[in-house]
Each structure stands twice: as structure tokens, then as C-alpha cells.
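The letters A, B and C name the chains in turn, as written, and every chain counts its residues from 1.
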Amino acid sequence: MKLSRKDILGIKELSVEEITLILDTADSFLEVSTREIKKVPTLRGKSVINLFYEASTRTRTSFEIAAKRLSADTINISASTSSVVKGETLIDTAKNIEAMNPDLIVIRHSAAGAPHMLASLLRQSIINAGDGAHEHPTQALLDMMTIRSRKGRIAGLKAAIIGDITHSRVARSNIHGLTKMGAHVVVSGPATMLPRDIETLGVVPCVRIEEAIKDADIIMMLRIQTEREKQNVFPSLREYAQYFSLNPKNIVLARKDCIVMHPGPMNRGVEISPEIADGSHSVILDQVTNGVAVRMALLYLLTGGNS
Amino acid sequence: MKLSRKDILGIKELSVEEITLILDTADSFLEVSTREIKKVPTLRGKSVINLFYEASTRTRTSFEIAAKRLSADTINISASTSSVVKGETLIDTAKNIEAMNPDLIVIRHSAAGAPHMLASLLRQSIINAGDGAHEHPTQALLDMMTIRSRKGRIAGLKAAIIGDITHSRVARSNIHGLTKMGAHVVVSGPATMLPRDIETLGVVPCVRIEEAIKDADIIMMLRIQTEREKQNVFPSLREYAQYFSLNPKNIVLARKDCIVMHPGPMNRGVEISPEIADGSHSVILDQVTNGVAVRMALLYLLTGGNS
Amino acid sequence: MKLSRKDILGIKELSVEEITLILDTADSFLEVSTREIKKVPTLRGKSVINLFYEASTRTRTSFEIAAKRLSADTINISASTSSVVKGETLIDTAKNIEAMNPDLIVIRHSAAGAPHMLASLLRQSIINAGDGAHEHPTQALLDMMTIRSRKGRIAGLKAAIIGDITHSRVARSNIHGLTKMGAHVVVSGPATMLPRDIETLGVVPCVRIEEAIKDADIIMMLRIQTEREKQNVFPSLREYAQYFSLNPKNIVLARKDCIVMHPGPMNRGVEISPEIADGSHSVILDQVTNGVAVRMALLYLLTGGNS
């Protein structure tokens, strides 16, 4: 089976079949990273541009490693060294990159919709590596891959997403993905961080974290952006930790075999206690490993590979 | 035929035969970037250092893509991360790079003549990727390649270069190249941006843009450095746009089949109106595509390849 | 013979046999960098992460070139673009990198001991590319390689190390290495830059540089960190240069066939006069060339190669 779309812009647009195809392909690529020779010639002669308007280690590194393991060439462009500083529009930057004939462009941008604009204007495949507070589809795909491999399925599970739901592209992509795949999704966070119409996305909001994580199979903790402390979105980091962190006391409410996820980077002691981050429920490092496999799968499928 | 020189420092030093050799070679490399597998093994085992003391997306990316399509290894060194911050002289930095035995060094530097100093001191081939207000030879070569492919020739054409002629290395390199290849070159811009002795370079200065672009086959718009607004070099961006932009009103003075060029990044609405930038005369994105081919040709010729 | 250790953290831990193995292997790799095709397939399919928390051109470039000449893939992570800015702990960053399954991590960090922490936590091989004022083992190895190739041996030679001994990881690694290999090591520098208990490391402190370099076979000048001038560690750069620089006047005290070394970047006119830096005794650029070979040797030996 082939993926019959040019771009990966969000989970919202993907069908259950497409998600399943991507996860199956990612499962098969997982093995490459454990070989002695971690390289297959699949994308030899293809070039992948990593166009990052926001700083990122893990996502950029994950895409770069994924591309190199497929033998593609990678070129990194970061905002600080780009023509952006010279006042060029994003469209002009993108058209310029297109004119150099790369095969695929991975973009992270602070503006929601930036990858979609590129996708509509450029003939190259675009992968959204995070756009504002909108979507972060590769994160949700690696999260679903992790759940599937740990739980054997996604459908029927209870997933609790905790934190700043309003501003989190990770939350949004996972809400689309997990509900689509048949999970029961609940969210919790301070009232200032829960969108008013969140039910329209098919999820149940909970005022207290305890209610959300009760009997949960999956607990997904979001990174709290500590710089928001000054914006009066929440009283203080200390109070946030007191009411919305995952810790040894409240995790007992979840299912005994629950898994704990975090997209990283973690604020230990704020949204997650160190005992939980490093504990037996945590699959946080599996997520990172699976991230390389998911990105290999997307690079492969978007350049014409079939499962 | 072989290129019998070690370095590409400026267009001024190149003969008509050398320019023709480079453009012919670039024409033949253009096809590589349109293949399914965009890679030839020509420079396997060679390493190219991109030593950029000034930020640049398009030029650095273009060189990096060119090198990778030829299977060379590329290493990027940018000023911000370099020993420059520790007060090392350019010569010492260069001698250190030489000692690591790369095959070719691409340098961009704010000081005119920096590439020439390296060329005289190092055994490696040096390509000038822009030195102060002096030369930007690869830009002029890709411009000439674009003209030749669109017009079939350069000789006999009228080329108008508009903007800050005094501070533009793009203008300087193109003036050398286009006059050498037999074009009739006129320049225009505010009086503060036209060198007094510009006629000695074989070009005709025009006070008004209308005079310059009249019957022109080629209109080359230069980027206005908006940061100069504060230096009283011109009254205001608005006034600059009013008197020296290329727009639908004045382009009718040029030949109907004229081509419009810009080295990028563009200030839309300042030196060029969006209608013109995206219009049917524009070959601006061709320039970018040809840039990769020109750089592949230079990397190939300087490492011993022949046409 | 194989290197039976996972990591290279410091010279202190290495035996004479291990140092000799590394230097012998480096000697054999030196030739690769002089070939027409400077690439061997030894590490194809391996990936090397350069994790640099401190800016560096020469060390990072040297490792990158070394890895590429062995056909490994390289991924650069620098502090400015990393999750560090988002407050992630070094351990979490490292565990994340581990989860992406690279083969080897090169780390430079301002904190002494950072590479050791990584080595104890990660299954990957770690190479210390400089940790605070602690060790810089690859520098000492390339220095010993240079001495051995110039002098035919290390044992029995007199080596003088001059400068800020207290804060220099280069000094510390070389003191461990040179004494281990049988050299007689003396050090000199302003009293504020000489550790009180330096004799315990098996070296002789000298108040005056003249005493230290007298009859020396090897003079190793350290970079003075000019930013320390303001910290009252020494009176002024001018006074430092007057009392502790190596120059044509005092070098006559050393052996006629002495060699002069400097880890770079040099402050010409401060710790070393230009005549000496560029003079016949200088092996400073040999050090750079040998640096690539030493790093190739370490990448090779740590990934399972044998001599």
C-alpha cells in the first residue's frame, strides 16, 4: 500500500488507514537502528532540507538521523543564519529552496499554518515538524507507535493528556490521532489552559488531574512552558506542580499497567516528578527511539516507497 | 578543456574563454538536479569547507547542495561558532583548516580581499562566495548562465543594473562579466549610490531608472540594504521605492521580451514590486536553480575535472 | 591489539600501552588524509554525534572531518540550538540522544566531569573533547603523536609547558600523558596560574620561563585567556607578554632542535611572538594535521577496530 498524499501537515487530515500504514512502516524501520550497519540505501541521491524557524534539538536531530539512515543528504537551515534576518518573506525563502530541487522539506515554524502554505505552493513534499500551537504530527505518530507497541492497540484505551492544552500542538495532534484510533481521551489542566470548546474535539475536560488519570491506560504529560509563569496564565510553578504534576501519590489512581509519556524536554519537579519520569511506567525514551523510525517511515512513504 | 587556475576569486580575472567553459560545464550539470537520483560520484572522497563569516542561507545552501550532489563531504564553519570569537586571525584560522587537508574552501567575508589572501597562502582551491563590496563571482556566473539560457547569447544585449551600485559586490561582478561577454551595461541608482568613476568600468550611468531600463533586454535589480536608511544614503525607503523600483509602470519602457533578475533576498515593494517579482519577465527562480549548477561546475573544474 | 575500553575520558586513565596503541593507529591513518580519495569505508553506517556545549571550530571540525573520512555520518548539536535553553538537564539530553541509537558521542562541556557522567549512564562510547579545566585527552594525544613523529620518542625528553596551568585542560592532559610516557615535564607561569600542589603530578614548577625552557626539547605554549585580564589573575596582557611569552630572545635557551607547540587559537604577540609561531621550530600546524588522524584512530578503535 502507498501513501497517496504529498505532505504530512497534521493528524487531522489523516485517515485511520493512513495512520496505520505509517505506524506499520515505522515498525519495520525500527530494526534498522539496531543493526551494526545502521544504513539502508533507500533514499540515496535524495535531499532533505530541515528548515527550522524555532530552535529544536530532538526533532531536528531525529529527522537528520532518520534521513541519514536512509542514505539521504540533509541540509540544515536555521532561522538565525537564514535570510529571514534580511526580511525575506517565508514564501520567497521557500520558493528559493524549491528552486534548488530538494526532494523533501521539513519545516518548524512559530506560525500555525506555515507548513500548509508551503505545501500548497511547492512541488516538494512538506513535513510539519511543529507549527505554532497548531499541530506536531510526527510527535503524535511516534506517540501512537509507542502506545501500540506497548499496549498492542489504541482503540478502547483511556488516555489522559495533562497540561497546557490550549497552547500545545502536541496535545492537539494527539487528540486528533487518539480519538481517530478509538481511544477515550480526557484532558486536564488549569482553567486558563483548557480551551472552552474542547469537547468539540471529542475529548472530556477534567478540572482535576486525579479525575483525568483515574483508570487511565496512558498518561501524557505536557511540558509546561516556564516562561508563561510571568504571563499570569498560572499562579506559580510551585502551585502548578502541586496541582497538576504527575507524581507517586496520584499515579496510583491510574491503571497498574499504565504508561507515562512526555514529549520532552521535561521540567523535572514541575509537570512530572523524577520518580515517575525514570520509573517503571515511563516510556519516554521509547518515544524518542520510535521518533526516528516514524520519521524514516514518513521520508520513505512520501518519496514514493510502499509498505 | 580544463580550467587552468587554482581559485575563483572574481570575474575581473576571468577570460571570456574561462567564463564560457564554466557556463558550458554548468549547463551540463543542470540535468543532474532533475534526476530521480540527484547524485554523481564525481567528488567522492573530497571535502569542501564552507567558511562563512557573514550569515547566508541561499549561497551556503546552494554550495552545500552542489557539493553533496557531486558526493563531496561538506563541513560548515560559521563565524558565530568559530575561533574568530577567540580573537584568532583569519590567516591562522585558514592555515588550521589547510592543515586538516580539505580539497576546497568556499569563503564569504565582510572584508574585500579576504579570499585573495587565503588563495595566496593556502594550497587548497578557494572560491569567493562574496567579499565585502568587492566581488561575488558565483552570483555573476549564475546570472550569465541564466541570461545565456534565456536569450541564447550575452553579446549585444542591453543590461540595466539598478540600485546601490557603490556597495554591491553583485553589481561589480556582473559589470565585469557582462561587459567582458559583450553586453552593453548601464547602471542607475541614487547619486549617493553611484560611484563617481563608474564609466571607467565600461558602463554608462543613468540618473533616472527610466533611462536605464529603456529598451533593456536584461534588468537586474539589486537588493536595497534597508539598514542604510538610517545612514542618510537615501531619504527613505518609500522615496527609494518611488524613484528606483521596478514596477508595472516603468517596465513597459524595456523590451517586451526583457528578463528581470534579482540576486535575492528581495525587498518586495521596495526595489521591486510584487507583480514584477512574480511576473512573466521574472527569471529570479531560474537564477537560484542555475546557482546550484554553476557551483557544481566550479567544484568540478577546480578539483581537476574537464569539460 | 584492541582498545578494551568503552570511552576516552582522560589521559589519566590510559596506560602507556593504550597510548601507544592509539598513536600507532593514528600514524597509520595519517596517510588517508593525503590520498586523492580521502575516504575509507571503515565506519559506514555508524553515526557520530558532536555535542558541543562550548563553541569550538577546530576541535569540532577536526572530529567531523575524521568521522567523514571514515564514512561515518555526523550530526552536530551545539548548545545554542539545543534543548539546553529549554532547561533540560544534561542527563535527559544525553538519554534522549542515546535513545536515537548513535554509535559514538563526542562531548565538550564547561563542567569538569560531564563526559564521565555520560559515559557511566549511556551505552554509547563517549569521547571527551574538553571538559572544563579538567582534561582534553584528544589534544594531548595529538601533541604526543606530533612529538613522537618529530623526535622519534617521548621518553627522556624535557618538555616545558608555559601559561595558565591552573585553568588549562590541555596542560593537565599533557602532564598526565608526557610524564606517563617518560618525559621530564616542567611548568611555568604567573604565580596565580600555578596550582600549589602541582609537584604531586610529577612536574617541576619554575617561577621564570627562562628556567623552564632551558635545554627543553619541547616547548608547549598555552593560550592565555585574554578575558581573564579583568579578573586580576595577571596585571595586564602587556606584562604577561613581557614575562611569559616565547620569543626570539628566550628561545635560544632551549635546545637547538626544540619544537614549539600551541593548541590554538593563538594570541600572537601575547603568549607567543609571531616569529616563533611561524618559525622553524614551530610544529603547530603538524598538530592540527595529526589531530584529524588521532580522532580517526579513536573513532575506529572505540567502534571495535583493532590495530
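Just so it is clear, a residue touches a chain if its C-beta (ideal position, glycine included) is under 8 Å from a C-beta of that chain, and two chains touch if they have at least 3 such contacts.
Since this is a predicted model, take the numbers as computed values, not measurements.
Where subunit A touches subunit B, under half of the residue numbers in use are shared by the two copies, so each contributes mostly different positions.
Relative orientation of subunit A with respect to subunit C corresponds to a rotation of 120°, obtained by superposing CA atoms and rounded to a multiple of 5. Centres computed as Cα averages put subunit A at a distance of 40 Å from subunit B.
Multi-chain contact residues of subunit A (touching two or more other chains): 80.
The residues of subunit C lying in touch with subunit A in their complex are 44-47, 49, 73, 75, 77, 80-89, 92-93, 95-103.
Contacts from subunit C toward subunit B in the complex involve residues 33-39, 55-58, 60-62, 64-65, 68-69, 78, 80, 223, 226, 264-268, 285-286, 288-289, 291-292.
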